[in-house]
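Below you'll find a set of structures to go through.
Note that chain A is present in both complexes that follow, paired respectively with chain B and with chain C.
Let's look at the complex of A and B:
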């Protein structure tokens, strides 16, 4: 038995070492950082402990801007992408011909590099001295005036972020929803048809309740993912997100840590903990709602 | 006679209503295909645009005030440009090394851990597994700060080791693999023990071949994740010789080339997107199945 114990721990040793060094220790460390006031990277010294870092972060206009941006991204993209994905998946599962082709195409954004494709979106929306760009051409065609979506007004930039975010998260949601729809028992539908129920009624009374666990899974992961928005914004506006007014909470954490504005791990830790608290709260609320609404 | 007429009318009415229903269904189906095609177009258009722009010559791209949807004189000069003006080949090789090394190391670590959790008996197993599971909730953003400091203190900035080390474990994949290992009948293990097979031999000769599908899925998902990783490499490298493709493309965008020469930048985008798209087209079924079983985006 003792020999067995030893052997098992030997098998687990690599995982424990790596998790300990790069997950458990950092987790404790981030808490310590966040309470150390005036921590200096170079001299590794600090002059006090307390809540100053949190108060600094919460009063930093850049952080408040980042929180505002992040919340707008979350509130717009999560419902839009989930709703759109449901709509597309329902259509997808009701056709037979070409279904696989559509599924393959719809999944494509999942396997692409967000940074790289973000650049394509940037040039599609960007207005330069040479050209108003693809999207503005379409706007002009319908009689609108050109807008600079990349360096222009706030809402234009926000619109591009939301469009790109939705484009990026759709493949995952469509895939999960189509597999949920495919696993539904066709007997329920036949019974409903025989009873003469309309398609809409079948959808709201049978399909939706049966896939509600999947929907809530997608909403929860959608919220968590959207709160961590960062690389999509970098792809569209470059690394100096504060200058573009498009920073997100995660972006703020990294800016505090690294780069021209970096060198403040304490502020970064405080901001990261605030983000974690927000995400945790939202997830718990989601779970409480789902307990009432979801049919298992 | 009377009955005959009414029979006819009934038949007629039935036929008409059936026709109408078929027509309605037909229109409904057509609308579905149109809407699905519109979404397919939205998904594919950026890919088309990057390919198109990458074969437009620098001169012709900049003279198009209204962008053209086709080009009659495609050129490969941008691809040449992007490999000579920027160390794109270097970024590419770096990413390949990083991806292969990280994935290989991770497979070793998670296979050993999953085997211990699913087959070996030891004290504290369930407690430890619960601790592992609870680590799944920890967001990367929370631990990245200290990891950055750790790697910097160890003087591992701008090294492959610094890039690789923090991402060689995944609690989620340990969990996925452990579930799969546990499905292998215990009788096999007992039989192997009776035959005097060692645990390690049993793991490599019996468990791994049986669980190959899961291992392939995990490998593919990890490769995708590695190929697209951006934040950690950005924190840990500032020497171009160690840039991965994501950082390379971002650097290009912020420095000279991307600002002036959009077609060349698009050529770079095509080059770095292609490997994963090819991988996807080959392993389409496996990837989609894997993601729906346990993929997480982000």
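Let's look at the complex of A and C:
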């Protein structure tokens, strides 16, 4: 090892120490837990090693429900929030008056506490002894019958979760996309105008390809973020998500560790690794698709 | 297609209600650009030349006045329907498309009767590429091309729809010196081959003079002079035009006409018959000096720069207005670099007189 190399390692040392202690070691630990059968926290002992934990988790109806919920949330909220954010950003960049006001308004949910937003959604959707919530009032006004969005049918609860998630994740996407749009050289648009391109063609042939790296970034992080959904569900339905049938994979991991039925780090680790495998697969698929569609 | 500008004015309104910072970028343009010529719009930065180009292209709307292409009033016609090709200063090539896709792009936008088949599009793109000699680069992306090649692609894209008017905004400013020389000749060649009326904007007088059929010199939104490059150079209408054209620039002296003779800083430098007594600015082109031991213009010699073909004599004179007097003389004239003083006699047609107040060329002289 020559002198320069030594120096480089020295500079890297703080980062390596912290990453090692707080990322690499726990990850390895999780991996080990997931293969230790019948692990007991108190006695730090286990019966044997094997794939039983995975088998248990994969046969647990609560886990399967959590996987189903998570996938529905991902499949609905990622495209909807990204699409809406793109639409709003394009609209924002094409208006001049009041643009900053709108930008601020759209960004508000981002700086608002998740639980506070949850409270707002309670007012909007929750049935209480005094009212059916604002959304139901609107439904009633148009002659529909009230729906219990918080304790009612599955689709209603899922609808609320999706609206909530979209609402929470969109501001960040709008922020990123408006800055990406603003950084595009206006000469491209002038050139396109002189070339006689319609606004639809300008959008699909020029704007979209030019912001494709940003879009790709948002889609990847959107997928990962949605797979990790948990706090939004807690904000809406409380901590007993299994009872509400609205648990997510991360929620399941949490319950296995610390919930009322908790104390099973091995099951939690197995579930966490399954989630990791899912996210990895989806990200790799995304990367493969992006090679063709993203222009750097 | 000739281009006619009629009372064309563009005013950018004041942005601040309290301070009036209204800008008249283009002030009452009235001129005609003849068909099939190459015209250079020339002026210092911020003189409104790019605005003028944008008005002709239709990207900006004039505050008042009209623009005609041939006999058609195009003032209210959108840029895409004017039949123009526009080359931007930074080329504005779409970075995610190949050269071919860039060139074909304007054709793909055609709708209705004008719509072309894929083969026709490719053929036109090939022809445009051949014209600017980039046919071997068709499948590259702009990022993989040199500045000069990108420039050619931009010109090909502008020409592919066979425009009636080709507009170039500072087409050479992003190129290095050598490439600039080469590319300006290329532009001249392409213009000759296509015969398209071409208007280009530049702040580089040399560039404009070298390839233009006509140059339009602008200052602060106002056209100063329109004419053939040599004619504008030889007989500028005012001191601004005289100073703006020519490298090295014209030497300006504070002078006076008395009794038919021109004086500068006490030297009786030239007989100027027929010009009434007055104070004047005297402009002397660098090539107007002849080293002459008996010459009337006595300067203090600062240095001699040998440039091979020519010699540049840097000196100073009490009546000069710049930092030095620069004369270009033939390198045959053996000058003594160590001498204290240098004396010149002058070529009368290289000496220009301007009114001291208005800075316009003196009327008597213009008639000469």
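We take it that the second predicted complex is superposed on the first by the 276 of 296 C-alpha atoms of A that agree within 3 Å, B and C clash if a C-alpha of one lies under 4 Å from a C-alpha of the other, contacts with A are read in each partner's own complex, and residues count from 1 in each chain.
The rule we apply is simple: a contact is a pair of C-beta atoms (placed from the backbone, for glycine too) under 8 Å apart; a residue touches a chain by one contact, two chains touch by 3 or more.
In this text the structure is predicted, and so the values were computed from the model without any measurement.
After superposition onto chain A, partners chain B and chain C are found to sit side by side with no clash. Of the two partner chains placed by superposition, only chain B is touched by A:231; chain C is not. Vertex at chain A: the C-alpha centres of chain B and chain C lie 70° apart in angle, rounded to steps of 10.
By the touch criterion stated above, A:61 is placed in contact with neither chain B nor chain C. Of the two partner chains placed by superposition, only chain B is touched by A:109; chain C is not.
When both complexes are overlaid on chain A, the residue A:143 reaches neither chain B nor chain C. Chain A is touched at more residues by one of its partners, and among chain B and chain C that partner is B. After overlaying the two complexes on the shared chain, residue contacts for A:206 are found with chain C alone; chain B is out of touch. For the pair chain B and chain C, the model built by superposing on chain A gives 6 Å as the shortest CA-CA distance. Residues 29, 32-33, 35-36, 39-40, 42-44, 46-47, 49-50, 53, 62-67, 108-110, 112-113, 115-117, 120-123, 125, 128, 132, 135, 138-139, 141-150, 165-166, 168-169, 171, 174, 199, 224, 227-228, 230-231, 234-235, 245-246, 249-250, 253-254, 258, 262, 265-266, 268-269, 272-273, 276-277, 279-280, 284, 287-288, 291-292, 295-298 of chain B are the ones touching chain A in the complex. Here chain C touches chain A in the complex through residues 57-59, 78-81, 84-86, 88-90, 92, 94-97, 105-106, 108-110, 157, 161, going by the rule given at the top.
Only residues 1, 4-5, 7-9, 11-12, 14-15, 18-19, 21-27, 29-30, 33, 88, 91-92, 94-95, 98, 102-117, 119-121, 123-124, 130-134, 137, 167-170, 172, 175-176, 179, 221, 224-225, 228, 230-231, 234-235, 238-239, 250, 253-254, 257-258, 265, 268-269, 272-273, 275-276, 279 of chain A touch chain B when the two sit together in their complex.
For chain A in complex with chain C, the touching residues are 185, 187-188, 190-198, 201, 205-206, 209-210, 212, 295.
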